[in-house]
Amino acid sequence: MLEIRGLDAAYGDARVLSGVTLSVGPGEIVALLGPNGAGKSTLLGCIAGLVRPRAGTIRWDGEDLATVGPHLIVERGLATVPEGRRLFGTMTVEDNLELGAFSPRARAARGSSLERVFALFPDLQARRRQIVRALSGGQQQMVAVGRALMASPRLLMLDEPSLGLAPRLVRAILDALVEINRAGVAIFLVEQNVRAALTLAHRAYILEGGRIVGEGGGAALLRDPHVRRAYLGPLAVRE
Amino acid sequence: MSLRIAASERAWTLAILAGFAALAPLPLLVRRDDVLNFVLLVLLSITMAQSWNIIAGYAGQVNLGHAAFFGLGALTARTLWIGGAPVVLAMAAGALVATAFALLIGAAAFRLRGAYFAIGTLALGEILRTTVGNVLPEISTLPAATIGAYRLSQRYYLALALAALSVIAVAALAGSRLGLGMQAIREDEGAAEASGVAALSLKLRALALSTGLAGAAGGLFAYYHISYYPSHPFAPHWTFEALLMTFIGGVGTLQGPVLGAVLYVFLKEYLTVRWVDFHLLIFGVLFIAIVLIFPGGLVQAAEGARRRLTRRPGRTT
Amino acid sequence: MSVLAQQIVLGLLIGGLYGLAAAGLSLVFGVLKVLDVAHGELIMLGGYGAFWLFALLGWDPFASLLVVIPGSLLLGAVLYAVLFGFVVRAGEEARIKNSLLVGFGLALALHALAVRLWTADDRSITTSYGGAVLTVGDLSIPVIRLLSLLVALALIVSLHLLLARWRWGKAIRATAEDWQAALLTGIDVRRAYLLAFAIGTALAGAAGTLVSVGYSISPSMGLEWTLKALIVVVLAGLGSMLGTFVAGLFLGVAEALSAAAFGGPYREVVGLVIFVVVLVLRPRGLFGR
């Protein structure tokens, strides 16, 4: 479904991605792991059309996304929950969700999408008329995921959805992702919480210094010594 | 590379100064006042453009209140000169007052960055213009005795000297540590400060030099014109003309403002005969094209053309 | 006392037009992050549009709004397509500086064009009911200025509703808040820019029409009105159109009071002084988020 080949990206002279090749199939949950500054957010930015790659191709259902205007990528069924949520803070929950369904295809399904989001996050229904800025971090993250779901995506990309949230809320968000996936939506997840991400994911890639240095099934990577040393901390190694 | 730029700048300085030297005997050769008036206008424009170029072109601070300093120089010099002071002293005092005022407001004004500095200084200029217009509403005319002794050639030589001074000042600045520091601020103020450039101090020095020249130019204006409203030299078009000439010639270069001023005054004089303010339509459009297509002005456009011409033979062989 | 009250009323009447003039600038600045210093010239063009319709076709200036507003909308779209659409491609810092310069060039060109088309003289539209005055107690209120104020208020309220309710209105607000996030939700940000610029120009055109009725217009009015609009935007901050309108009223009253206190010629100075002081005290906070 999503096929990335030999992707290079840079900011000015600073190279951020080198020859990244990866894929996400229908219905899959794929995690992208790596230290800060590895280029994970840049990779998502390239897919979403915010960052123009230097070289390489990003194909979606065989179509080269470089030829698709950034605002039309959502229309194709690729929705993003950006790092730091990036909600429209001065607007209501409802407005944010409605803007998520801005593209024509999503707008047609607006009613059922809204029901789906409220079923997933009942909290939001009660707060639909509240200004987003006044919500708690966890609620805001729910709005962010909800806004992306309103686009009726076939692939949902999330950049650090659990960042800065209390463990209980992290659990709630990750549970919601499993739920979303069960409905047939593929998920591409960038996550700091490596153990949780690997438990969730069918497959995972490891990005270090802008290169893919590892790839495998979620469970297999959880046992991998490099992964354990680098991402699961000393406690995990002793286990 | 930097040596070559310095060499080309030296060549331009010499060429421009040679041009000024060639203009020096003009009052002896030409008896027509209109020719002298025209050249004087070109010289005054060069001074204004070059003075604006220092703060905007080199230090990167788009000062839209430049007319205020021209006006202060004119006001001071006119008052002292009519009061009996020698004209050169009066002009120096005008420059001094303009600089003093600039330093007074500078620290506050430089709290503003980029476009905010531009609109803040624009408002400042308008405050001064309106206030001077309110306090001194009467037209200022020279006393009859002074008009009787009026010699255009004296004004002409002063304008020539001032234009030469402005070119020499920019030439000296361009290669100096001071000038390099200013250009670092223009490119990226944060990065310049991080690498040890004292941004505020340098910007103040650029402003002092720039407004000093503008004040002197105002003094010349006061010495040159027989009668005008005291608020006239504060009018924003003095700023706007300096900006246009500098940008169209090539902002942040030595020769750009000189070329821009010559072109501007020629076009303005030529077109005004048929259509008042038509030159502003052409220059407005030209200016937009420069900003969007050739941010370096005519200097950059010429450079690009030359490079393409010199490269072509190499490619065919 | 009644003289002062009369001044305040006149200040409120002109202040409504300041608010309308500023609303367009605020919208363009807030959404595109460009500073269009030719906004005053766009107001001027709106004024001359109404003047032409009145002089050539005998149209009532308020009725001519029905033509001036769509005409300005179209003009704004064209200006965006040929000028400001290129400016917004630059990064934030270069964008605002370039917009200032492009706007400046545009202002010069439009000014020269207006001198050519309509001469440099002051003009105003004199309708049959132009002299009517409403008397309330000691106060006399020129009917035509009162009508202008009400029209300005109606336009501001419509704009507010448009931004709050309309799908693209919300898209414009979303773009103003975070254009990248807007792009990620599938909003065509370029189109939101185009709409915002066109609407901003339409507001300028409407303001110009109202100025030509109750007051006077001339080719050189641009800079003064750009400054008035900037002052109001600085006072009101970005985001709320109703707030901008109120700030416009405030400026009108402040000018009237300072004219009463220091004499007529100083009415222009007070706004500029407020502007510079606020700008220096809050150098970034005003426009930035």
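Each chain carries a letter (A, B and C) given by its place in the written order, and its residues are counted from 1.
The rule is short, and it goes like this: a contact is a pair of C-beta atoms (placed from the backbone, for glycine too) under 8 Å apart; a residue touches a chain by one contact, two chains touch by 3 or more.
Quick caveat: nothing in here was measured; it's all calculated off a predicted structure.
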{"item": "A-C against B-C, pair bridged by the larger set of C-beta contacts", "value": "B-C"}
{"item": "Furthest chain, CA centroid comparison against chain A", "value": "B"}
{"item": "Distance between chain centroids, defined by C-alpha means - chain A, chain B (Å)", "value": "55"}
{"item": "Whole-Å gap between the CA centroids of chain A and chain C", "value": "42"}
{"item": "For chain B paired with chain C, centre-to-centre distance based on mean C-alpha positions, whole Å", "value": "32"}
{"item": "Residues of chain B that touch chain C when the two form their complex", "value": "62, 108-109, 111-116, 118-120, 122-124, 126-127, 130-131, 133-134, 236, 240, 243-244, 247, 275-281, 283-288, 291-292"}
{"item": "Chain C-facing residues of chain A, complex", "value": "48-50, 69-72, 74-75, 79-80, 82, 86-91, 95, 98-100, 102-103, 106, 147, 151"}
{"item": "Touch list for chain C against partner chain A, complex", "value": "167, 170-171, 173-174, 177-178, 180-189, 239"}
{"item": "Contact set on chain C toward chain B in their complex", "value": "35, 37, 83, 86-87, 93, 96-102, 104-113, 115-116, 120, 223, 227, 230-231, 263, 265-266, 268-269, 272-273, 275-276, 279-280, 283-284, 286-287"}
